[in-house]
Each structure stands twice: as C-alpha cells, then as structure tokens.
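Below, chain A partners chain B and then partners chain C, in two separate complexes.
For the complex of A and B:
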C-alpha cells in the first residue's frame, strides 16, 4: 500500500466506524422488524416499514406539525431578523452593545430555553400570563390551539439573533454606491428596500433560510422540555415522534424508516433552496 | 437649465475640516470641472451638491432653489459615479429606467426614454443584459445613460473615467463632450486628471486642501496660474521653479540673475516658474525679450516621439525642458548648454504666500 493511502487510513477507519457503519446499520434496521424488546426475533420486512409509515396517521400529523413549525418559526425569524438588522445598521451609538445583547439568546442551550419558557408561559405560575391577566387577557399558551404557535415564538426568540447576525454581516458587505445611486435616482426608502436592498441581499437570505430551516426541522428540546408532544398530538413534531417510537415503544425499525424519510425531505429542501440560490 | 451657487460651503468630518468655505458659481449650460490632488475636497463638494453629504455650514443653490437641506431626490440632479454604481441584479434597461420608475412615470414612457438614451450612447443591444456581463466602458456608458434619461437640471460626474484604461478614457472623453454639447446641460465634473480637465472644461476650479485655489478657463489656468500650487499642479511635465530675492530690477537666484517686468520691491523673496516648453536657444530670442541666459548641464533625455524631455541641472536643482526631436542632438549627456528664458513666459510668485505677482504671461 502506498504511503498516501496508509496516511489516510486511520481517518477512513474512524469515519467508517462513526459515520458509515451507523448509517448502514440504521438503513438495515429500517428494513427489518427490529424491536429492542424482541432482539431474538428480528425479521426482514423489506419496504413494509416505509409503506406503513406513509399510512400512519400519527406520523403524518407529526410531519404536518413539523412543516408548520418550520414554516412559521423560520418566516417569523426572517422578518424579525431582517427588520432588526436594518434598524441596527442605522444605529449610530451603542451598536456593539445592542448587537451583543441581541445575540445573547443564541448562546443558551435550547433545553434551558425550553425550561425557562415552560415556567414563564405556564398558565398557573408564569409571569407572562400573570401580567396578561392584569391587562384583562387570559391566554393559555400551551393549550391545544396555541401550543405549536408558542413553540414557534420560543424558537424565534432564540434564533432570530442568528438571522440578525447573518443579515447584518450581509448588509455591511453590500457596496454603498448602488444605494447612493438610488438616492440620487429619487427612490423612496421603501422602493430602495424592495428593489435594491432585498435583491442584493438575496444570496445571504437564502443561505440563512437553508441553515435555519434545516435546524428547525430538528426541533426537539422545546417539545421535550415543555409539552412532550401535547396537548394530545398538537405539538408532536417529527423528531419527537421518532424518539417516542424508537425509545419509548422500542420499535426501532419504524423509527429508522422515519428518520430516513426525514433525511429525504430535508435533502429535497436543500436542493430546492440551493438551486434557487444558483439562479440569480 | 439651472446654474449652481455654493455660498461659503464648509464640511467637517469630526474634527477634520475638509472644506473651508467654498464660494463658487456655475453658470447654466456650463461644463465646470473640479480639479485637484486627492484629498483636496473636490469629491466631497460634489457629494454635497448631490445631497449625499450634509453641509456643515453654508448654502447650496441649484437654479433659484436653496437645496442645502433637501434630499437628493428633491434636487433634480443626476450623478455618474466612479465605480458606475449600477444595480447588479437589474437589467441594463431596468437600471436606466429606475429613476423614472421612482418618479412614477408610465412604463411606456420609461421604455421610450430608455430607448432614446440607449441609441444616443450606442448601447441598444445591451438593454437586456445585466451589469456584470458588460465591460467597464459599457458599464460606464450605462451609468451615463441612467443619468441622461432623467433629463435633470444638473449633471454631476465623480471621476467617471478613472476606472477605464487609457485609450478608452480618451474616447469616452470625446463622447462625453459631444454629449454635453447636444444636451447643453449644466455639468459639474470632478477629476484629478488635468488632461481631462483641460480638454473638457469650460471652466476649471482648482482645489487644494479644502479651498479653491483658482477658477478660470483652461487657458487662464495654464497660462496665468494664480498660485504656486496651481502652477505646479497643471502641466506635464510640471513647471520648473527656482527661488530668488528681488534686487535692482532683477531676481537673484542660485542659478543666476533673472530679469522680469513689474517686480515687487527689493528684498522680496519670490519663486520664479517657467514651463518646460519655455526654454529658447539664445540665438532664437531677441535680447530685449530675454529674461536670462543660463547654463544647464544635461543629465538625460527621454524621447517621446516627435519631442523629448531633457532633464538638466543648474545649481543643485533639476529642470525639465521639452524640445522637438530635431534639436535633441544638441543635448548630449553631460554637455553644458546655454538656454534663454523669455520675459513674457515667466511666472512670478511670492515665496511666502504662493500668490501670483506680475508679470502676466500672454
């Protein structure tokens, strides 16, 4: 074996052990009736797991919940992040301070954020419902109607700073002269934003969207810390559903199949957004 | 068509004063060029005229309106930027029409005006493309097109040709001039390129360190520079200078006495300037027109083609002279050559202030 192959061998083995093997193994699991409680009786099921999942109402509900969560949370973050970035860019004083403060939520561990909001929004002892009641508004944030929306708000609270950071960097990297040209051309601020800022920021927006959307697909901690998928299945997102199937009900075969479907969906999303980015 | 008046215009960035009281009038239809070394405040002046920088003090008038505190879009101006400043994501037609769209003109009229301007500039076949598919020269044409479709009362140009290569620059210069003649619009044009200023301007405004040094026609600027700075800045190769002191109707200098008409009083310290084209062979200049005949030792000759630049030394100063090629054989390296200066070609400045004193050159 030549030296160069010997040099990459350790890394190849390591990657094979920690990436390739688990991937192949879980693919294998997804084709079997693999239950942790019946490891002596693992049977090959072919694509039955996949076919079953597509007709499985709880899975479809979890997928719908997840897609709604991703769409809602990420668009909220996009709008808020872009708005804040535009405001912050214009801030003359305290810009660094404001930036630091606004970025802070991003550095908190999501499970802690989940716990924090679980108490702050709790209808019995939460501070936010308390003051809302004083204002005459009785809101139960974790009711069946609102729970998913509340989780979106929490996600937006934690991850808007990421969008802000991306957009602020993007805005600062834009050349100044087209904006001056727009001023001289007589464009109103709104027209400048719509026809100059936004199109020039488009690549940054798409990248931020991809990163955030992929991340939001993986939402788990808030659900785990606050609602455990409830009330009913109102907040059962796909990752929580996979977790439940695999580690609560020990049905590993189905769980693995769902995970592969999730990968397929996210890959499709990446391809769509990526091709949108290429086409300028 | 509107003229421009700047009244005691000042600008500071923090503690740095970049413009110190500019007074300037540009007549309607005039092509005025702001010329000066980098950092002289010419671009700042233009940007303030455009409304991109607020004035610290003073007033800006365009036509009969005081626009000092107006937004750029209320000033009825169009500007061409050094780096073109096109909108990268729009087609050329959209780029040119953007200002009209901002004024809410009907689409048909926008298309018509864009088409007319594009024909004028010969860029009709580029209208569907995007800026990054165009060469620098084409992009600058588009930027100019974007300015002319607006039919503004004032055109502003901020070093529009300095990103182009030398050949293209000369071509565009001619084109811009023709364009100016056909549009007959008031134009303020900023450049650091004196050749551009000399060839294009109706009037040149020479700026230095935040002040106006001189305002005049190209020939006034060249033949009657108002200060040492202008004299040294205009002309290539630069004017030769030698310091001296007035005594007995002559100026005593380290390279010899030079006589000049209408001198200031004895003892005044002056700087004498003469252009590289203003050296004569002693036989060619009648005695009564001769200011001095001095000896120069030739250091080297640079042949430019029909003419050559001779670098010569007298005292401990280098002087540059320009002679036609057929005379260059007289300037062998190391040879000492006597050359005369003509009285009516001398420029005299007070050493202390740099101000011009007589004599006036023709």
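For the complex of A and C:
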C-alpha cells in the first residue's frame, strides 16, 4: 500500500468505527419499530416511520420552530456581526483588546450561556426584567409568545462573535484600490459599503452564513437549560424533539427517521458550503 | 486601512461608544455570574443587590464539598484523550489529503462529518455502548466526542499543511529522509502553531459538549457541563454554587482560546477558503 493510503488508514478505521457503522445501524433502526422498552421485539416497518413523522404534528412543529430559530438567529448574527466588524475596523484605539473581548462568548460552553441567561432573564430572579420594570416595561422573556425569540437573542449573544471573526478576516484581506477609487469618485460611505465592500465580502458572508446555519440546527443546550421545549411546544426544536422521542419515550425507530431527515438537510447545506469554499 | 482615513473626531467617538456598548453587553453576564458566586445565600435571589458583604462560602462548598472536582477531572480526561487520538489519526491523514490530491471526495467527507448533527449519532452510539457495557463510562463519552473532534482537527490541519511549501519536504528528501521521515521530522514541526491551535480548539469542543455527555454519563462519570446543568432542576436551584461551577468551566477556556483566535479563521476554512 502506498504511503498516501497508509497515512489515512488510522483515520479511516476510526471514522468507520465511530461514524460509518453507527450511521448504518441508525439507518437500520429507522426502518424498524425499535423501542428501548421492547428490545426483544423489534419489528420491520419499512418506510412507515418516515411516513408517520411527516404527518406527525409535534415533529412538524419542531421543524417549524427550528427553521424559524435558524433564520432568526442567523440573520441577527449576520447583521450584528457585519456591523461590529465595520465599526471595529474604524476603532482608533484598543482595537486588539476590543476584538479579543468581543470574540469571547463563542468559546464557552452553551449550557453555561443558557443558564446564565435563564438567571438574568428570569421574571422573579432576573436583573434584566427588574431594571426593565423600573423603566415601566414588563417583559416576560420566556412566555409562549417570546420564548423562541429570547432563545434567538441568546444565540446571537454567543455566536455573533463567530460572524465577527469571519468578517474581520474577510475585511482585512480586501484589496485597497477599489476603496481608493470609490473615494476619488466621491462616493459616500454608505455607497462604498453597498457597492464596494458588500459585493467583495459576498463569498465570506456565504461561508459564514452556512456554517452558522448548520450549527444553529443543532441548538439544544439553551432549550434544555431554560425552556425544555415549552411553554407548551413553543420552543420544541428538532434536536430536543429527537432527544425526547428517543430517550424519554424510547421510540428509537421514529427518532432515527427524524435524524435522517436532518441528515438530508445538513447534506444539502454542506454541498452548498463546500462549493462556496472551493470557488475562491 | 485606507477607508478609515479622514474619519472625523465625532465619527471616531461614535464608533468608540458603540463598541464600548457591545463590550458591556458581552461582559455583563460574566460580571453578574461572578457576583452571584460571591453573594451570600440571602441576597443571591434578589435581582438588584449591588452592595453586599462578599463570601467565599460557595467557592469553598463547590471546591471542597461537592462532586465538581471529580467532574473537572472527568472532563479533563475526556478532552485530553479525545484530542490526542484525534491528532494521531488526523495529522497523517490531513497531510495526505493536502499533499496528494487524493480527490475532493475525502475533503468533502471530512467537512460533512464535521457538520453532522449529534442527534443522528447519539441513537446508535447509545445502543452500541449499552451493549458493550460502556454507558456511564468515560470511554463511551470519548468515543462519542471522537465523532466531532476528529473531523474538526483533521479539517483544521489540512489548511495548515496546504500552507507549507512543497520545497520543504523536497529538500528534506534530497537530504536523505524518506517521505514519511520528512513528514514527521520536517513538516510537522513546521506547522507547530497550527497543531497547537487545532489541539486547543478540539479541546474546547470536547470540554464544552453537553449533549453526548448528558445521555452517556451519570453519577461518577458526569462531565462538568452535565454537572452544571444539575444545579438547576425542577427540584430547585443552587444559584451561588452553579455560578462557581460555570466560572470554573468557562474561565480557563477563555484564557486558552485567546491564544488561538488568530489561527481560527485559517483552521475553519480547512485549506479551502483563502481570505
């Protein structure tokens, strides 16, 4: 065997054991009535699990919630991240310090972020509702109407830094001459941004957007820490729904089928991401 | 930065103010949780107490009288073993993907593996580990963490290998090294900062995971994130102790991550995105 294959052999064996085999097993589970409480009686169901979940209101609700969460959180992060990156570039002093602090949230464990915000936004204990009340604003952040939006804000607190990181790198790498030309032509800052900066940043924006979207589909910890899917099913997201179906209700077959729907979505996004990365 | 030239003083001031506001938004939760960790139990549940006599009681209770030190050790073992295995398997493979154009297929597979949601693997992993008797063991969590840390580290390293000029190993081979010797005696040392950044990033991902650890551990084998979630359950909260545990989980990570910030974009791009 030539060296190029010997070098990838350990990785291939490892990923075959911890990923490929479980994936195949999971596909098998998704075709069966596989319950943790009835492991002795596993029955073949064909595609019934898939047909079932497509008509299953809680699954569809969890999908809708997740798509809304991904769209809301990621757009918020895109706008905030781009804005902060442009501002940071114009900061005259303490640029490195500001950058280091502003990137911090993306490195810490999401369960800690969830619990910190549950504490700070809680109607009884929370410091933020307390001061809002003093200003005459009574906001119940985790009510049925607002809970999903509050989770988006929390996601934005943690992950806007990722967008900022990508856009700062993107802005630094831009050539100078188009900006000089725009200046000579007397373009306003807004026109420069809209017609020069934004088009040149587009590849970076696309890559950052897709990576964040893929990641936002995996939201679990904030929901687990704060709302557990509630009130009602207002924040039931797909990962939490799969977790509940598989490990609370022990219906592994249906949970695996849901997981494969998620794989399909993920793969479509990864294909777009990969081609976006190669284009440069 | 040409486009900053000619910025008026007023504009500079506005920029500074908005950035300062963003810094406050980022830092306030950390400050508030730190205050919660040193507040006496009587005021921790009151939302606006700024003046109180600080106490070390929560810190004492958590560090000396709880399972948290054990949880820290568990998390450390899991992260270190996971990252070591990932480096040993990922570095040679990343070199091969970078040097031999082994086809886009491999790179795509690694990227897809990196992006795979954990919900997909947790069901079969749980059942397999259950049959192997590895539920509630660190071994089980390590195997689960390998599923995301290995692809991430491999993806990271491809980017750094791509940056090493081919002349380096050509020269080493003229000097009498075999290709493999050239790889681990010349190329690996040349990308040491990249390896360090990949290792730290992989460590952070493993240390931060709660999803797999929540399902695969319990009792003695709980990792730190699972333990943190355990301070606030339907039975009640222990806010002060939870604050201490959060700070223990978060502060070391903030310190190490500071050193990898500048390598992160290169690593995430995986040799594909050139900024």
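Note that in this section the second predicted complex is superposed on the first by the 256 of 280 C-alpha atoms of A that agree within 3 Å, B and C clash if a C-alpha of one lies under 4 Å from a C-alpha of the other, contacts with A are read in each partner's own complex, and residues count from 1 in each chain.
The definition used in the following text is that contacts are C-beta pairs under 8 Å (C-beta built on N, C-alpha and C of every residue); 3 or more make two chains touch, one makes a residue touch a chain.
A quick note: this is a predicted structure, and the numbers were derived from the prediction, not measured.
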item: Clash or fit (per the criteria above) of chain B with chain C on chain A; value: fit
item: Partner chain in contact with A:191 - chain B first, chain C second, else both or neither; value: first
item: Touching partner for A:206 - first (chain B), second (chain C), both, neither; value: neither
item: Touched partner set for A:42, first chain B, second chain C, both or neither; value: neither
item: Geometry of the superposed three-chain model: angle at chain A (Cα centres of chain B and chain C, steps of 10 degrees); value: 80
item: Contacts of A:180 with chain B and chain C, given as first, second, both or neither; value: both
item: Which of chain B and chain C A:157 touches, first, second, both or neither; value: second
item: Partner chain in contact with A:262 - chain B first, chain C second, else both or neither; value: second
item: Comparing the two partners chain B and chain C, which touches a greater set of residues in chain A; value: C
item: Smallest separation of CA atoms, chain C relative to chain B, angstrom; value: 7
item: Contacts on chain A seen with chain B and repeated with chain C across the two complexes; value: 180, 183, 280
item: Of chain A, residues touching chain B in the complex; value: 175, 177-178, 180-188, 191, 195-196, 199-200, 202, 280
item: Touching residues on chain A, where the partner in the complex is chain C; value: 3-5, 7-8, 10-12, 14-15, 18-19, 21-23, 25-26, 29, 84, 87-93, 98-105, 107-113, 115-120, 124-127, 129-131, 157, 165-166, 169-170, 172-173, 176, 179-180, 183, 192, 203-204, 207, 211, 214, 217-218, 220-221, 224-225, 238-239, 242-243, 246-247, 252, 255-256, 258-260, 262-263, 266-267, 269-270, 273-274, 277-278, 280
item: Residue ranges of chain C touching chain A (in the complex, touch as defined); value: 1-4, 7, 11-12, 15-16, 18-19, 22-23, 25-27, 29, 32-33, 36, 45-48, 85, 88-90, 92-93, 95-97, 99-100, 102, 104, 106-108, 111-113, 115-128, 143-144, 146-147, 150-151, 154, 179-180, 183, 204, 207-211, 214-215, 224-225, 228-229, 231-232, 239, 242, 246, 249-250, 253-254, 257-258, 261, 264-265, 268-270, 272-275
item: Touch list for chain B against partner chain A, complex; value: 50-52, 71-73, 77-79, 81, 83-90, 98-99, 101-103, 146, 150
